[in-house]
Amino acid sequence: MKTYINEIKENDHVDSLFLVKEKSSAVTKTGNTYLKLKLVDRSGEIEGRIWTFVENVAESFEKDGFVHVMGKAVSFQERLQVNITSIESVREEEILFSDFFPMTEKDVDGKFQSLLEIGRQIKNPHLSQLLQLFWEDASFIELFKIAPASKWLHHNYLGGLLEHTLSVAQVVLRIASHYDGLNMDLLLTAAILHDLGKVDELSYHRSFDYSDEGRLLGHIILGIERVEDKIKQLPNFPKDLSTLLKHFLLSHHGQYIWGSPKKPMTLEAVMLHFLDDMDAKINGIQQFIKKEAPEGARWSAYHRMFEQYFYVSPPWEHIKLPDNIEKNVFEDE
Amino acid sequence: MKTYINEIKENDHVDSLFLVKEKSSAVTKTGNTYLKLKLVDRSGEIEGRIWTFVENVAESFEKDGFVHVMGKAVSFQERLQVNITSIESVREEEILFSDFFPMTEKDVDGKFQSLLEIGRQIKNPHLSQLLQLFWEDASFIELFKIAPASKWLHHNYLGGLLEHTLSVAQVVLRIASHYDGLNMDLLLTAAILHDLGKVDELSYHRSFDYSDEGRLLGHIILGIERVEDKIKQLPNFPKDLSTLLKHFLLSHHGQYIWGSPKKPMTLEAVMLHFLDDMDAKINGIQQFIKKEAPEGARWSAYHRMFEQYFYVSPPWEHIKLPDNIEKNVFEDE
Amino acid sequence: MKTYINEIKENDHVDSLFLVKEKSSAVTKTGNTYLKLKLVDRSGEIEGRIWTFVENVAESFEKDGFVHVMGKAVSFQERLQVNITSIESVREEEILFSDFFPMTEKDVDGKFQSLLEIGRQIKNPHLSQLLQLFWEDASFIELFKIAPASKWLHHNYLGGLLEHTLSVAQVVLRIASHYDGLNMDLLLTAAILHDLGKVDELSYHRSFDYSDEGRLLGHIILGIERVEDKIKQLPNFPKDLSTLLKHFLLSHHGQYIWGSPKKPMTLEAVMLHFLDDMDAKINGIQQFIKKEAPEGARWSAYHRMFEQYFYVSPPWEHIKLPDNIEKNVFEDE
Amino acid sequence: MKTYINEIKENDHVDSLFLVKEKSSAVTKTGNTYLKLKLVDRSGEIEGRIWTFVENVAESFEKDGFVHVMGKAVSFQERLQVNITSIESVREEEILFSDFFPMTEKDVDGKFQSLLEIGRQIKNPHLSQLLQLFWEDASFIELFKIAPASKWLHHNYLGGLLEHTLSVAQVVLRIASHYDGLNMDLLLTAAILHDLGKVDELSYHRSFDYSDEGRLLGHIILGIERVEDKIKQLPNFPKDLSTLLKHFLLSHHGQYIWGSPKKPMTLEAVMLHFLDDMDAKINGIQQFIKKEAPEGARWSAYHRMFEQYFYVSPPWEHIKLPDNIEKNVFEDE
Amino acid sequence: MKTYINEIKENDHVDSLFLVKEKSSAVTKTGNTYLKLKLVDRSGEIEGRIWTFVENVAESFEKDGFVHVMGKAVSFQERLQVNITSIESVREEEILFSDFFPMTEKDVDGKFQSLLEIGRQIKNPHLSQLLQLFWEDASFIELFKIAPASKWLHHNYLGGLLEHTLSVAQVVLRIASHYDGLNMDLLLTAAILHDLGKVDELSYHRSFDYSDEGRLLGHIILGIERVEDKIKQLPNFPKDLSTLLKHFLLSHHGQYIWGSPKKPMTLEAVMLHFLDDMDAKINGIQQFIKKEAPEGARWSAYHRMFEQYFYVSPPWEHIKLPDNIEKNVFEDE
Amino acid sequence: MKTYINEIKENDHVDSLFLVKEKSSAVTKTGNTYLKLKLVDRSGEIEGRIWTFVENVAESFEKDGFVHVMGKAVSFQERLQVNITSIESVREEEILFSDFFPMTEKDVDGKFQSLLEIGRQIKNPHLSQLLQLFWEDASFIELFKIAPASKWLHHNYLGGLLEHTLSVAQVVLRIASHYDGLNMDLLLTAAILHDLGKVDELSYHRSFDYSDEGRLLGHIILGIERVEDKIKQLPNFPKDLSTLLKHFLLSHHGQYIWGSPKKPMTLEAVMLHFLDDMDAKINGIQQFIKKEAPEGARWSAYHRMFEQYFYVSPPWEHIKLPDNIEKNVFEDE
């Protein structure tokens, strides 16, 4: 069974699985070589030291690999470290992914079914076929279900991309019929596909970071390439429908300064920009407050990116609400 | 019956009601004094000239007043003008407001009832009472029903403020329950009150412009003052509820640069900002396209404020949609 | 007698009053619970530790409360801390405020009298009565005399708001008559009232920070509310005078980007903006140099907010001035 | 005697002095060559036509020269023009400068004496000698007395530079002693010299525009060169005094974006920046209102540069002031 | 033979080819319908009127088509127009393109050969093959040779894209070897392909404007799609080479605000950005001066986009150069 | 022989030359005074302690002076420090400059000769004479050969200014003849002189920092002053040539926001701006990658100033290039 790093205490015997995030050799003041490791799991990180049989052991496992470690937790310069007595490489199949990475708490497969459901409402046969091609692309689906939506700002956990995509599509569904003259098929398709380039932009199998092509090209262009790839397989896909669809991906950040090479020029693209941005901000602020506001505090820490504090609303009763607000009280007009 | 200015042709006999927007005297090359008027109605404007009995007539009507004019349309330097033979002041009661000003095409009273309906869903007694005070304030209601939402950018017609307010409230209703932990009572109240200062910011009984206090103080502060006025009448209104409510008004533009002295700091204020902005943009673009895109064109004129063109989506069939999209196909999750 | 924290040395016996800024419990490696305190006074801060009778003692004083501490100063990991042997809660009346907070070195009451003096020169009866209402509001005066003018940037000490207000009013008096056509009564009243919302924006009884309503609404709006409150008590106060006066408060930051929801639109508001900004900057730079430039250095540290260094002018003699400049040499034209 | 252009009426006989701003030849539909002139004086501009003896006459006067014109005012396409029957070149000595250019209404020599007076209060012998060198430079003084302070924004009339310079120096005198620790000699010298490069930046003998070196180098650098020139003649002038003085010129616009290559880094330079900016803005707004607000209007036209309207304060009595405010009521502390 | 519009004079008999830019019907004051045309060629535009047989004639030619016109030039309200007596549609093959559109004065085929030449120096077989695919794509080459490089700013004439592309490639060749460690093959390929999306972004067969996909997607993305298309045909093309190459296209505008969704992240991309920008600016300024500076003037008109004037350097001799500078004096180090 | 600081290990006997960067006295817990030094050379810095004979020794050397130190390296709190047993002041002549400061790896004198060579190609006698005056100014040359080009961003080592200057001049030579109508003499002179003010802006004899006049005036103005000084010695130097030349210095940063008080207004100044910026960026990025990218990494650290990462291109072979690119393959058109 997994022992989480944040549960390890001084003098504990350690016997569990970890990911090796850093691995280097060093020399003691007395001239002996030893190995310094940084071991991580989803709860935190801890130093590991291998003092003996260094050369034999060094080859038996790799940086960014999973290992089975045994040893003893000791305190050194006020910090805990593990003096390792046994280390062994472990294959990816043997570990439980969610032991190692922050992961959505939601039901991934349920979320994905909901998204399929929404996609089925699209009547335009071209758009419908296009979506179908994505749903049949097993390697894409595998990535799409696990990718985070960003490294820092929002939905920054495994499964976050799916969660954000579904949320935007649901919000679009709720709102779009309120306005006349919007092309719902286009809007829904775009909502579902707008961020799909993120499966390639980020690397998230060992740690969250940008991939090379993520940094050099970005999810907007990577997404357009994936869409273009599928459209190529649909010989009758209309040219202007393709142009309009790609315009959503290009413009969904809304402004040049936020990395969109085009501003939204259709009503539908304007709407997607606002709803995407709103969904990301709301999730981002909720995550930030969860992490960066002490229990009971009214104010979060300072958010450097947004250059502000956030107010943690007190529970409603605090301001003398007679009874709870029930969601189902509110129905559409 | 009203003859609209854009229907007048050369040599027509003119006999109708107009608003006098400008009035000045001038001298012909031969030394005779005459009166130059600018006559307007909702369809456009036309020059009027009074050549005889100038002094007698000049006193009988006023700039910014309504008049009954008779005369003949002639062409002078390629433009039509009316040589006036009779002019008479007319009282406001005798005119039909919508003959003179752009006006919402929607049912104002129906819209107002819908807003009342939404307000009734608010359960917090303080907020509910606060709204009630506004609904009981007849002079406010009169303004609120007729005010435009802005001079240029969106809902820039009589009744526009109510239309925008209701639309934002409805969108809030549709979306808010999608996210956990939002205070619906606060959000709905804020949606209803967020722009109420516009009843004072603009003057809109003769022409659309900013009032003095509108320019010097702006609708954000004017709105806060109206809210504060009502809250004063509710002795038990909680202080922090009042602060949170006013924060919505202050922050709904979202950024300093857009005239908000505070950025939104609560989840609810963040959401209101996005939905308010989206609603205004969508209406603004729709109005702009209606006015500034030639029939059948794919592109609007250049929008100076937004520094871009807008694409006028072709009808869906154009891109080979098998059958029309029906709104009711889409239902909430 | 107060022992200041920056005077405590290793092995000193400590016996003095402090403010408890932080208070938490921790566990030694050997499993014993102890209390960690952060004790502060105006000279600095020091760690305090309570090792024994932890549970009994913990209830006897509070975070943000004043305490009488006895103990011994010891060195731990290169830093001093106090091993506390006795701690006792002390009421606010027993402490000397200026022992704990940075405080103006100027004579607060003298400053206040000077401000009253300036106010008396205002002849417009409405403005004069308005000021009078503020001077008669004892709870306001109490705050107004002690509030700082800002958390960081300028006059960031108790009494700073009064000091800044008086300074701006004096500068206005010196300059305004130089220009024709300025409304001196309005300008002086605005100078006196422009920052009054700061009494509510900041909390400054235990530490300098923003209050909740300070963060959510800001001193501009809080000031307008206080002004509006008083004007309500003056039934004949002219509407446009009230609008003009509030415009000063709204616009005194000068630009949207600096938090003003309106730019200054009257000559008087333009002038107040410049003089307020200048006064704040000069004080801010002087404070910064005093704190952040080593004795004798020609350059201050880097000022992150202003993104620059400041030059510390050498004494005049250094550049071979024959004799000192006497202030009274300079007289107005 | 001068007949001003804005006084000429149809059929008037014209006999007066003008400046020839434009001069070109054209051909009538019937193939005859004629001369088209643009004649200007300080009241406006008018077209002139020479129909006969074109070739003989064309050589007898020059563009940008003054001429004595006789002819008749006729109306052509709704606009007045002068059919010229006699035109003769006139030397600069024969004209009255103020007939042709906007000019300060103040007493130029009196203003200059006031500036000398202020300069005399400077005790530092180096700065005092430096000023003396400028006062002894007759060709500089001639330019300095007549130059405008800018082409558009403020003090945009002959004598405007002197007027602005004196005003800034006077304001500095009024304020500076209010703050401790300012170097008055340096501040006054800088106030007097800060804009002197404008004598070279603008060309203002025939029309207001930028000179070539004005556009390519700007008044900041041109001013530094004039200061450096004089300092070179003072062998003992201290290097760091020179550096500090030039820093004022370089930084007085306050920000990179406003054309200052350095931000103000000394207290004195910070103050000069604010007072210079304030003085320019106040004059600029006053000029703008005088020109761009209709008599009696509460609002100026829209100021494109400042992106706002200005409010034209009503006379004080309007808001029920009991008696006039007298300047001398206000005295320094 | 072509008669150019700017050569037509009153009463001329007109007999030449034109492009019909606008075509509408109107009604005379006497109630007769007539046709209003706007006729253009590369020298300008002129109104045309068809007064008789309107209905018969109206169908015989189209807006945006070429026509053979006969008629008479008359003057109406100070402007010339052609009263058309005969009009006939003309096929594109019968006209000389350069009679109708601004066109490069350079030798297009020679330029294209030079570009091929440069391409041949690329040794990397993948990049070399990629270029080859473009050179073999006849429909691309046809567009590439005729497309302008922009609508307004630089190389805004037929053939401008090729001219700019060659110029950038040549400048890259001249400079790149000066710096160590640059990948010349990649840099040259990128220089040749960086703007190729402009063949699709602009429409330039009848008038210069953006195409629908140009406005909605932009030349950056359109270029990437063309590159991706070709790469797909090269099965062994390395993935990271493809990523690096596309990064050039994405980042060549240098900054988000200038429409690049990525900043240049490789040395080569940084260099291409600077050289592309420099080449465009130099050509743009040269075109602007040619068009917007009067003969002999030292200053161009004000350039709204760049917000400045440009100085038209006087010929060198003017500043007393002893003899001409010969280009070949300068040789590389 | 010099022992470099980064080679010193625990227990080493130290006997070498260092620069004393900081020097202060402190007191041990037992009350004894000792000296704390910071010793530096070009490889790093190390603490030094003097425990005995403190008062005698303290006077024998100075902060910012070179010293000969003997002692022993010991470890204290995980860091090395030198317990000094002997310290002695050393004159500047006795040290090897490059032991102490980062220095160009290029041949300074060779670089300087290349620059002279380029200068000789200038034919305009005025510009040629002007350069000559600089080359004859020995004290200038001494500084010019050793000055760095900036404190942080690029060529931030001794000799960097010369290296950058030569590089820009060479690039200008390579490119300029590609464009028609450029004044090569002016461009080359400007390339050589554009940054010369940096000899005064930075202080670089003991550490790299800004000099007082560097901070207060900046290299742009300091350079103009040096140029102006020399031009004064050439009585026939044409005024407009001088203006044009100084315009290059003023405008070479390209934008107000980057510290240029003028934007480039001539074609030549536009070109110099781009090539100077490109050369600085390329060197800056190369230095940054060398220092801030781990061996073998594809990405540099985050560059705070440029707000981005840089990609470290893999060696060409990696992407299967058949053979090396030889520089001389590429020749000018």
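Letters are used for the chains, namely A, B, C, D, E and F, taken in the order the chains are written, and counting of residues starts over at 1 for each.
Everything below uses one rule, namely that contacts are C-beta pairs under 8 Å (C-beta built on N, C-alpha and C of every residue); 3 or more make two chains touch, one makes a residue touch a chain.
Just so you know, these numbers come straight off a predicted model, no measurement behind them.
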Chain hops separating chain E from chain A, counting only touching neighbours: 1
Common touching chains of chain C and chain A: B, F
Chain separated most widely from chain A, comparing mean CA positions: D
Maximum centroid distance from chain C, chain identifier (CA atoms): E
Separation of mean Cα positions, chain D and chain B [Å, integer]: 44
Between chain E and chain C, distance of the C-alpha-averaged centres to the nearest whole Å: 62
Sequence positions of chain D contacting 2 or more other chains: 212, 215-216, 240, 244, 247, 265, 309, 311
Pairwise chain contacts under the document criterion: A-B, A-C, A-E, A-F, B-C, B-D, B-E, C-D, C-F, D-E, D-F, E-F
Chain E residues within the chain D interface of the complex: 10, 75, 78, 298-299, 309, 311
Chain D partner contacts - residues on chain C that touch it in the complex: 114, 121, 123-126, 167, 170-171, 173-179, 181, 183-185, 238, 240-241, 244, 247, 263, 265-268, 270-271, 274-275, 277-278, 281-282, 285-286, 306, 308-311, 313-314, 316, 318-323, 325, 327, 329-333
In the complex, chain B residues that touch chain D: 29, 77, 212, 215-216
Residues of chain E defined as touching chain A within the complex: 212-213, 215-218, 220-221, 224-225, 228, 240, 243-244, 246-247, 250, 256-262, 265
